Structure formats: structure tokens, C-alpha cells
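The next part holds the structures, each set out as C-alpha cells.
You will see two complexes here that share chain A, one where it goes with chain B and one where it goes with chain C.
Coming up: the complex of A and B.
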């Protein structure tokens, strides 16, 4: 391999250089701004994680798995996984191999930034070596890989249904410019390398192409224009990159170390939140996943549109989208990048200024009189507001406690204080905090060792926002499993088959998927819905939404019911009073809480 | 030969229409799915505003149609329609051919278990208006205590309730609650009575008199506000939480019995009948009339008519008036054929 151009420069590299300079400058400035927005504590956390070997290894692994191989996407959808990883990894390999070629064949040019990219223009093949042909083969191979990804991307653009996506996000104008520039890069590269293949050498793709072109063109006049076009496509792509979804490429590389450092979103716009927003690749997977999109409604209120509007600064839409969400957390579950849509909205809601803010400081103080017999550990049962509205559940839990001989007290039998979660999800953190304080006092003074909860909404609140010292917070499902394991209650088997609906707050919210199924299996037959566990569809009753009206909720509930009833089960089981109430409205089959099912099947001694 | 008119439903609407059609010289055939005529009214004890005994009213009506063909315990299985005739296959194996079908299927009582927060089917001391009437008719009901000290009536259970899926007012429950409150006070003079209402819609003749009597002579407490939740004490008494919106204060009362004024919803068989005869159903679940002003008894199908609560909640006088009107409407339909 020899240098063909003595100066090692040609003006056609200028568009690429300009684009590269712009995007690097932009990213450097953005990085500086984001680091500045972080608090001193966060910066320290990040710095420490970047010098801790374990997190460094994790960062590298995550960047490779998420950004290049798209492992999460592969697991969900093979075709989409191949499409993304072929482009990302193929392009990455082209860059790496390009550098390798420069190092091996023209090492003195390694300091030239553009050389690996336009290598084939600047060199001429002087002899054929085995080493070179292997590299040429790999270059052509990865170019083919990328091109196959681009072809898939084009097909997907025409018909996303073929890729299992019913709906995708509509790209904005600049996104389209970026998209077409990206599509143009690799065919142009193929053309450019083909036109020079008789000089610089090539492999199974470029040499035959070169031969074909020469048969009917017979000159080299096309060589330079295609290299120009290739460089311009690269330049255009990089110039629009910061303003398009392709910003997720650099942003994700910052998101991963920040997340691994344990940073949390604390502001509605700045710092880590900004990185999350920029990391959204606009793939639109969340459009199909969002339960609000049932019957083609609310299509522009899912997370992909939230991040877009945040980037545009459209305050009116940001507020609308933030208020509408059911906070079911499914978009985060399906997101390849891990953008936390619900948390983004929560931060936004917390920004709002209210003209009136209720004061809960005059609520009654401790009500529970400590009457614990010292022998047993006392259980304090907190039903919560929703259990008050579904008395069958509260009654069943109480009955099970009685039958298993537990020393318990029903904290809010005659009314109590809300756990605070509704206020918290509405963004009224300060008011929620007042309720948390009140309840904390009551619980701590009760002398109980265990706080038993039957509502997953309260459960999540108690786990995440309460400081109860050594008092164990437990949902009744694992608690009852313990009763069964220790023989405190014996059960008979029912003939009814149930499909279990994973409540958002219990499943995605608290990660409890297996225990309810174990419990249900002990007493009845269990069927699974098509979308279950992490993919469970919100019942539509969620108190997370501040603006969805009743008619819209009905559609969501019916869609969720369709998913459950598709299993062919006789009845629906759940472990959340709100899901139960919501489903009961429209369900054609019985909807029951696990506590009710279990209580009915206990053998009385 | 007399023309057949098949009447689906043997409640008061069907019976009254049959009587009138018979007088006009037709041959009405009543198809009733229950084992007795009279529908909901036959289950009731006394009827406002004259406190007539429901059994007597229904008895008089069935006597007047003693010679009419009545199929009890029978349902319509399928319908074949030709250009001018309907052939109805009944579950007892009989096929009837007719030019005119009268739908008098009436309403269904809202299933109060759907409002779980009121505790029907969960607590021992919660009953519905229908349960109370049956108890007054002499059916034993263990849920009703020997001598209740305090009783509550919850209006609009499953009526005017978006969440229950019924937006419409059931018309009769306000007055039923007032009537039942007075009856209970007469039975248990020492008890305290509470009516929890959203609005009191006392529109009919003498309804207002009842309301004034209930307050002045019987001391019934009318609380404007909805019951939010019902709990149970350790000793089984009910603990009702509501809001008194006139005082602007939350309220907590202990009661021995709570009566839920379950509203009128469409009859559970409505959609099946509508499917067989290709009739339109409104978004409230009731049959859809051609219009709701002058053609309430007309359906979208030629020769199919409506009477009574199958098109929406109605009082007894309204139902009877409609039944008589539809008989004349059918008469003119035959004359114009």
C-alpha cells in the first residue's frame, strides 16, 4: 500500500471535517454544561465511579451491549435488533478497521483525522498481501452488514408493521434530514470505494462493482464526485445530529456511566434529566407499549413525544403530556435506553405552582394504642383508601389474619391518613411529605414489628418514602405465602382458572411478579395473558393520570381486559384494590383479589 | 280471523297493552320468561303515591287479561322475518307468526355489588330497595335486625353514576326512598332515619307531600351528600362516611341497616332481543326509540313497537299510559296495512 496523494489532503474531506468539528464542539460544550448543572455531590459520585474498576468495566460492557449490540432490543424483537446493531456495530467496525488499515499500511498518516474514513481514496495498492486482503474482505463485509441494516430501515419506514411495530413516532423535519443523510452515507461509500477499487483494492463487493461500472462508464470521472457526495452526506449528518434523534448516540454514552454511578433525576430539565431526554432515540417503541394508545387514542402523549417537546421547549405540550400519563412505567420497561418516562413527568408535575396548598399539620396524632402482647410480633394492617372502597378485600385480609392466629391491629379500620402516594404522583411532594410524617409517627408508636399492606399503591409509597426504622413493610402476598409454608393455614384447591393481572405498582413498581403466581398456584389453576409480568397492561384506573377523562379510561380498561380474557380463564385475579374496582366495571367475568380467593379456600380448623 | 300481536314481556306494560289490544279486537300473545306475570311491580309491597298494594294492582290487571294467551317460563329463541311477517320461535317449541311485535321487556335492577364501597354482599346489614320491599311482603331477611335504632338510605346507587356505567336518572328511587323511609319509621318509631341524596327529584303528583311529611311528621333526616365508604364495626354495626355538602362537613354515622336505592338499568336480555329483531340500542343500553318526543313507541323496524321501561326509566303511570298509547298505535298500523 502506498500513498497516492503526496499531500495526503483533498478538498472533498472539508464537509466531513466541518461536520466533525461542529459535532465534537457541540458535544464538548454540552458535556461541560451538563456537568456544571450537576450538584457537587453528584459530580463526586460520577468521578468516583469513573475511577472505580468495577463500574468502569460495567460502563464499557453496557456501552458495548446497549449502544453497539442492542442486546435488549434483540431480546424483544430480533428483526429490530439486527437492524439497529448491524448499523451501529457495522459502522463501528468500519471505523476501527479503517484505523487499523492506516496503522498497518500508512502509519505516518495516523495523525490525520479523516484518513481512516477516506482511506481508499488516498492509497494505491502496490502488491496483494494476505493481510491486506483479509482487511479488505472485512471492510466489505461490514459495509454489507451496514447496508443490510439500511435496507431494513427503509423497509421499516414504509411498513413498520413488518417489524412488529403497529405505530411509530412521526419524525420531525430535521429528523428526516438526518435520516436521509444517514441512509445516503453507506450506499455512497460503496459507490465511492467501488469507483476506486481498481486503484486501492477491494474485496467481494467493491471489485465486482468496480468491474461492472468500468464496463459501461470506462473512465474515472465519477470517482471524485462520489467521494465528495460521501463526505457531504457525512457532513450533513453530523451537522444536524445535535438537533435530531441521533443525538442519542453521544448522549447514551454519557447516560450509561451516569446511571451506573447511581445518579437520579432530581430536576425537571437539568443535569441527569437532560441526558435522559437527549438519550431518547425516538424509536417509538413506547407508542405501542403505552396503555393510553388503546383505540389509537393519545398517540402523541407517550414518552417519545415528551422528550421531543422537552427538547423543543414547548411548555404547553410538556405540561399536557406530563399530566395525562397513568404512570404505569411500561415505557421505561420497553425502552432500550432506559428513559424513565414516569419520573420525567413526576419532575415536571412537581414544578407546578398551586394557588392553594392544603395544610395537613392539624391531622390527629397517634391513634393506635400499643396493646401488644410481648409473645408474638404484632402486625399492623394498613388497608389504605382503596381498600376502604373495596371492603371485601379488607374483610378477607382480616379474616386470613384471624384464621392464622396472628396478633394484628387494623390501623385504619375507622378511617386513617392517606399514604401520600396520590399527592406524590400529582407532584405535590411537600404535602405528601406531611402525610408521610403523620403516618410514620402512628406506625412507629404502635409497637408493631410488621406493617402489612393490601394495596400496592401504598406498598410502593411505604417502601420508597417512609423511614420506619426496623419495622418490616410487607405486602400480604408474601406474608400469606409464609403462612402457608409454616402451616398456619391450610388450603383446598379450587376448580376455577384464573388469569393474574400484574398491577403496575406491584409488578413494575415493586418488582413482585412471582409471589402472586405462587400464591395463586396453591389454590387454583393459573393461566397467563399474552402480555403479562413486565409487559402487563395498566387497568386504566391509575390515579397517576391527572387529566384522562372517564371515557378515555374506559377504552384503556377494555383493552387491558381483552388482553386478560384472551387467556380463556374463568376469572381474573389481581392484588390491587384499584385494579379490581376498575376491571369490575366492564368485565364479563368475576374479578377478585388474591386475598378474597385465598380466604374462601382456607380449611377451617 | 283475529290478528296476532306478540308481546315480549309480561310486566305491567305488556299486560296493559294486551288488555287494550284485546278490547280493540286483536289476539295478543304474551311471552314471559318468569313463572308469573307482573314483572318488577309484582315484587313490590306498596306503590306510591296512593300506597296501593302492588299485588292487588297486578292481580286486577291479570284478571282483565284472563282470556289472553300467555306463555310463562318462555323465551324467544329466534326470529325469522319476511317482508311483512315475523316468525318467532319460542323456547317451549311453539312458533308464532305475527305482523306486529311489541317489546315490553322493561328494565333490570342495578346490581348493587358493583358499588363495592357500599358493601352490598360484603356486610350483613346492607340491603337494596328491592330486598326491603320483599321483606315487607313477608319474605324473611336475616340482614334486617329485629329493632334497628338507626337506618340509612343511599339514593342514586347505580344511577347518574358515570363510574357505574349509567348516566341516566332512574326517576323513581328518590320517591321510593321517601316512601320506604316513612314505612320503616312507622314500623320502628324509635329509630333515626337518614337519606343520603345528591338531588331530590320529586316531580310527580303528591311526591312533594310525601317529602314534607317525611321531614315534618316522621323526622327523616335528609343529608345532601354522597356516601363515600361504608365500614363495619367489630360488633357488626355499619360505619357510614359521607359528606354533608350543605354544612360543608364530613359525616360519620353508625347504622344498623343501610338500604341502597338500586337504580334502573337496561334489562339484561336487551341486547339479545335487539340482535334477533335487528333493533337499535342507545348508548345507555336501553332500546332506542325513533325519537324521544313524539315517537317513543316506534322502533327502527317496521312492525316492532315499544312500551314501558324498555326504552328508559319510567314510573308506573307513565308505563301504563304508554301501553295504552301503543295499543292504539298498533291498531292504526294494522288499519294502514
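Coming up: the complex of A and C.
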């Protein structure tokens, strides 16, 4: 391989160079700004993780798996997985192999930034180049891989349903510019390399194309225009990249080390939050996943639009979107990049200004008198507000406790105070903290060793925001499983078949998927809904949403019920008083809490 | 004047012409469902904060319509959402409370 152009430069590389300079400059500046926005502690955390061998290995593995191979996407949807990884990995390989060619054949040009990209224009084949035929083959092969991905992308643009997506996010104008530029890059590259293939050599794709074009086009005349077009497409793509969804390419490479370093979102806009927002690829997977998509009017209230509005700084829409969310966490579960939509909204809610704040200092102090009998560990049962509204659940839990002979006390039988989670999810963290302090005091003073909870909303709050020393917080499901295992209660089998609805706060919130099913299996037949476990659909009653009105909630509930009833079960079982109340309103079959089901089937001794 | 230890209670008459309805109207614009409250009192019955601060969404709406102060009632609201679960009319009570707090 010999240099064809002695100066090693041609003006057509200028658009590419400009684009590259711009995007690198922008990213460097952005990186600097984001690092500056981090607190000293976060910066130290990040720095430490970047020199710890384990996290470095994890970072590299995650970047390869997520950014290039899109492993998570493969697992969810093969076609989408192939589409994304073919473009990402194919392009990556084209760049790597381009550099390899330069190093092998024209090592003196390695300092020229654009050489690997436009290699085929600048070189000519000679006798000894045949050794490079494998490289040529690989170049053509990966170009073909990328092109196949682009073709899939075009098909998806026309009909996303073929790819298993009912709805996708509507691209903004700049996103479309970026999209078309990206689509143009690779066909233009194929054309450009084909027109030059009789000089620079090529492989199974470019040589035949060169031959075909020669028959009716004449290659020399078309060579330069196509190389210009290729360079311009690259330049345009890079110039719009920072303002489009393609910013997720560089941002994700920062997101992964930051996440592995254990950084959390602490600000509504800056630092790690900014990286999360920029990492959203606007793929629109969250549109279908969002329970609110049952309403046409709420289609634009899912996470993909939130990140877009945060980037635009449209405060009115940011408020609307973040107030509406049910905080079910499903968008995070389906997100390939791991953008935490609920947390992002929580941050937005927390920065809202209030003219008036509640104050809980007048609430009564601990009323529970420690009546611990020393031989057994005392169980303190906290029903929570929602259990008070569904007394059947509280009674069942109490009845089970009585039948199993446990020493227990019902903390809020006569009405207690809220656990604080509703205030917390409304973004009023400081007020929630006051309630946490109050409850903490009552619980600690009660002399109990176990805090039993029947509401997953409270359960999550107790787990995450309470400091209860050595008091164990348990949801009643695993607690009852223990009773059954130790023989404290005996159960008869029921003939009824149940479908279990995973409450958002229990499943996605606390990761408890198997225990309720184990419990249900002990007493009844169990059917599975089409969307279950991590994919379970919110009941629509969630306290996470602030502004969703009742008509909209009803549609969500009905959609969720359709999903559950599709299993053909006789009744619906759940483990959350709020889900039970919400479903009971519209369900055509009985909705029961696990505690009620179990209590009914205990054999009385 | 002789002090009897009690006096005539102040008139409870509200002069609707003098009432400043601005806050109520503003809240209603942001939470339209506030207008459909029929004062049934389900929210008052289920309220967690009622024993401590006399909180009741029904009374809050009424007080807003009368231009009275609602701060005391709201001061103990824990946003637990029982009122919205209990409401037969579908008033978005939590949003109402938050909106009032924002506008006070």
C-alpha cells in the first residue's frame, strides 16, 4: 500500500475535521463542567473507583456490553438488539480496523487524525498489499453489518410495530437531522470506497460495486463528490450530536463509571443528574412501558419526554411531567441505559417552592408502653394509613398473629401517623423527615424486636429511610412463610386460582417477587399474568402521582386489570392495601390481599 | 361593665362581597376537581391529621370559598392520600393540598 497523495491532505476532510473538533471540544467542556458540579465527596468517590482494579474492569466490561453490544437490549428484544449493536459495534470496528490499516501500511501517517477514516482515498494498492486482504475483507464485512443495521433502522422508522414497539418517542427536528445524517454516513461510505476500489483495493462489497459502477458511471468523476458527501455527512452528524439524542453515546461512557462508583442523584439538574439526562437515548421503550400510556393524553408524560424537556429547560412541562408520574419505576426497569425516571422526577419535585410547609412538632409523643414479655421477641405491627382504610387486611394480619401465638402489639390500631413516604415522594423531604423521627421514637420505645408491616409503601420507607438500630423490618409475606416453615400455622389448600399482582413498591421497589408467590402456592393455585414481576403494571392508585385525575387513573386501573384477568384466574391476589382498594373499584372478580387469603385457610387448633 | 365571664359570641356572618376569592379561584384553575366537592365529609372521616390539627379537605375547600385561613388545618397534613381514596366524587385532594401550600 502506498500513499497516493504526497501531501496526505485533501480539502474534503475539512467538514469532518470541523465536526470532530466541535464535538470533542464540546464533550471536553461538558465533562469539565460536570466534574466541577460534583461535590468534593463525589469526586473522591469517582477518583477512587477509577483506580480500583475491580471497578475499572467492571467499567470496561459494562461499556463494551452496554454501549457496543447492547446486551440488555438483546435480552429484551433480539431485533432491536441486533439493530443497535450492529451499528455501534460495526462502526467501532470500522474505526479500529481503519487505525490498524494505517499502522500497518502507512505508519508515518498515524499522526493524521482523519487518515483512518478516509484511508481508501489516500492510498493505492501495490503488489505487497495482498497480505492485507483479510483487513479489506473485514472492513467490507463490518460495513455490511452497519448497513444491515441502518436498513433495520429505516424499517423501524416506518413501522415500529414490526420491532415489538407499539409506540416510540416522536423525534424532535434536530433529532431528525442527526438521524438522517447518521443514515447517510454509511451508504455514502460504501459509495465512496466503491468508486475508489480499483485504486485502493477492496473486498467482496466494494470491488463488485466498483465494477458495476464502471459499466455506466465512470468512477473517476464520482470519486471526489462522494468522498466530499461522506465527509459532510460525518461533519453534520457530529455538529448536531451535542443537541440531539446521540449525545447519549459520549454521555453513557461517563454514566457507567459514575454509576459504578456509586454516585446518586442529589441535584435536580447538575452533576450526575445531568449525565443521566444526557444518557437518555430517546429510544422510547419507556413509552410503551409507562402505565400512563393507557391514556392517549398522557403519552408525552413518560421519562423520554422528561429528559428532553430537562435538556430544553422547559420548566412548565418539567413540572407537569414530574407531578403526573405514578413513580412505579417501570421505566427504569425497561431502560437499557438505566435512566432512573422516578428519581429524576423526585429531584424535580423537591425543588418546587412552597409558600407554606406543614409542621409536625405538635404530634403526640410515643404512647406505646413497653409490655415486652421477656421470653418471646415482641412483634410490633404497623398497618399504615392504607391498611386503616382496608380494615379487613389489618384484622387478618392480627388474626394470623394471634393464631400463631406471637407476642404482638398493633402500633396504629387507634390511628397513628403516616410513615412519611407520601410526603417523601411528593418531594417534601424535610417534612417527611419529621414524621420519620416521630415514628422512629415510637418504634424504638415499644421494646419490639420486629416491626411487621402490611403495606409495601411503608415497608420501603422503613427500609430506606429509618434508622431502627437492631429492630428488624419485615413485610408480612416472608414473616408468614416463616410461620408455615416452623409449623406455627397449618394451612388447607383452596381450590380457587389466583393471579398475583406485584405491587410496584414491593416488587420493583423492594425486589420481593418470589416470596408472595411461594406463599400463594402453599394455599391456592397460581396463574401468571402476561406482564408480571418486573414488568407488572401499576394499579393506577399510586400515591406517587400528584396531579393525575380520577378519570385518567381509572383507565390505568382497567388496563392493569385487563393484564391480570388475561390469565383466566378466578380471583386477584395482591399484597398491598392500596392496590386492593384500587382494583376492587373496577374489578369483575374478587380482589384479595394475601393476608386475607391465608387467614381464611388456617386450620384452627 | 360587669364581667359575667362570658360574652355575646361574634357574628359568624360572612360578607361575601368582602371575601377575597382569589386564592380559591387560582387553586380551582390548577385543580379543577376542587369544584366538584359535595362536602360529604368522607375525607374528614378518614383523615390521619384530623385529630391533631382539625384537618379536613372539605373544610379547607369551604374555608377557601369563605376566604378564611387554612394554615392551621394544613399544618399537620401528611399527604397520606386516604382522603383521595375515600372521596366518592374523585376530588384530587392531594394535588389540591399541595397547590394550596404552593399558593399560600
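In this text, the second predicted complex is superposed on the first by the 598 of 605 C-alpha atoms of A that agree within 3 Å, B and C clash if a C-alpha of one lies under 4 Å from a C-alpha of the other, contacts with A are read in each partner's own complex, and residues count from 1 in each chain.
Assume a contact is a pair of C-beta atoms (placed from the backbone, for glycine too) under 8 Å apart; a residue touches a chain by one contact, two chains touch by 3 or more.
Since we're looking at a predicted model, the values are computed, not measured.
Participant: Report clash or fit for the pair chain B and chain C bound to chain A in the combined superposed model.
Facilitator: clash
Participant: For A:584, decide between first (touching chain B), second (touching chain C), both and neither.
Facilitator: Only chain B is touched by A:584; chain C is not.
Participant: For A:413, is the partner it touches chain B (first), chain C (second), both, or none of the two (neither)?
Facilitator: A:413 sits against chain B, while chain C stays out of touch.
Participant: As a test of reading the superposition: which chain, chain B or chain C, is in touch with more residues of chain A?
Facilitator: Of chain B and chain C, the partner in contact with more residues of chain A is C.
Participant: Return first, second, both or neither, reflecting whether A:395 touches chain B, chain C, both chains, or no partner chain.
Facilitator: Once the two structures are laid over each other on A, A:395 reaches chain B alone.
Participant: Touching A:138 in the superposition: chain B (first), chain C (second), both, neither?
Facilitator: Neither partner.
Participant: Have a look at where A:18 lands relative to chain B and chain C in the superposition and call it first, second, both or neither.
Facilitator: neither
Participant: Could you point to the stretch of chain B, among 221-229, 275-283 or 293-301, that collides with chain C in the superposition?
Facilitator: Superposition on chain A puts chain C right on top of 221-229.
Participant: Where on chain A do chain B and chain C both make contact?
Facilitator: 388-389, 415, 550, 581
Participant: Can you tell me which positions in chain A touch chain C when the two form their complex?
Facilitator: 323, 352-360, 362-364, 385-386, 388-389, 415-418, 420, 422-423, 426, 428, 435, 541, 543, 546-551, 578, 581
Participant: For chain B, which residues are in contact with chain A within the complex?
Facilitator: The contact residues of chain B facing chain A are 114, 116-117, 119, 121-123, 162-165, 229-232, 239, 241, 252.
Participant: Name, in rising order, each residue of chain A that touches chain B in their complex.
Facilitator: Going by the criterion above, the answer is residues 388-392, 395, 413-415, 550, 581, 584-586.
Participant: Any idea which chain C residues touch chain A in the complex?
Facilitator: 31, 33, 46, 48, 51-53, 71, 74-82, 85-86, 90, 92, 94-95, 98, 100-104
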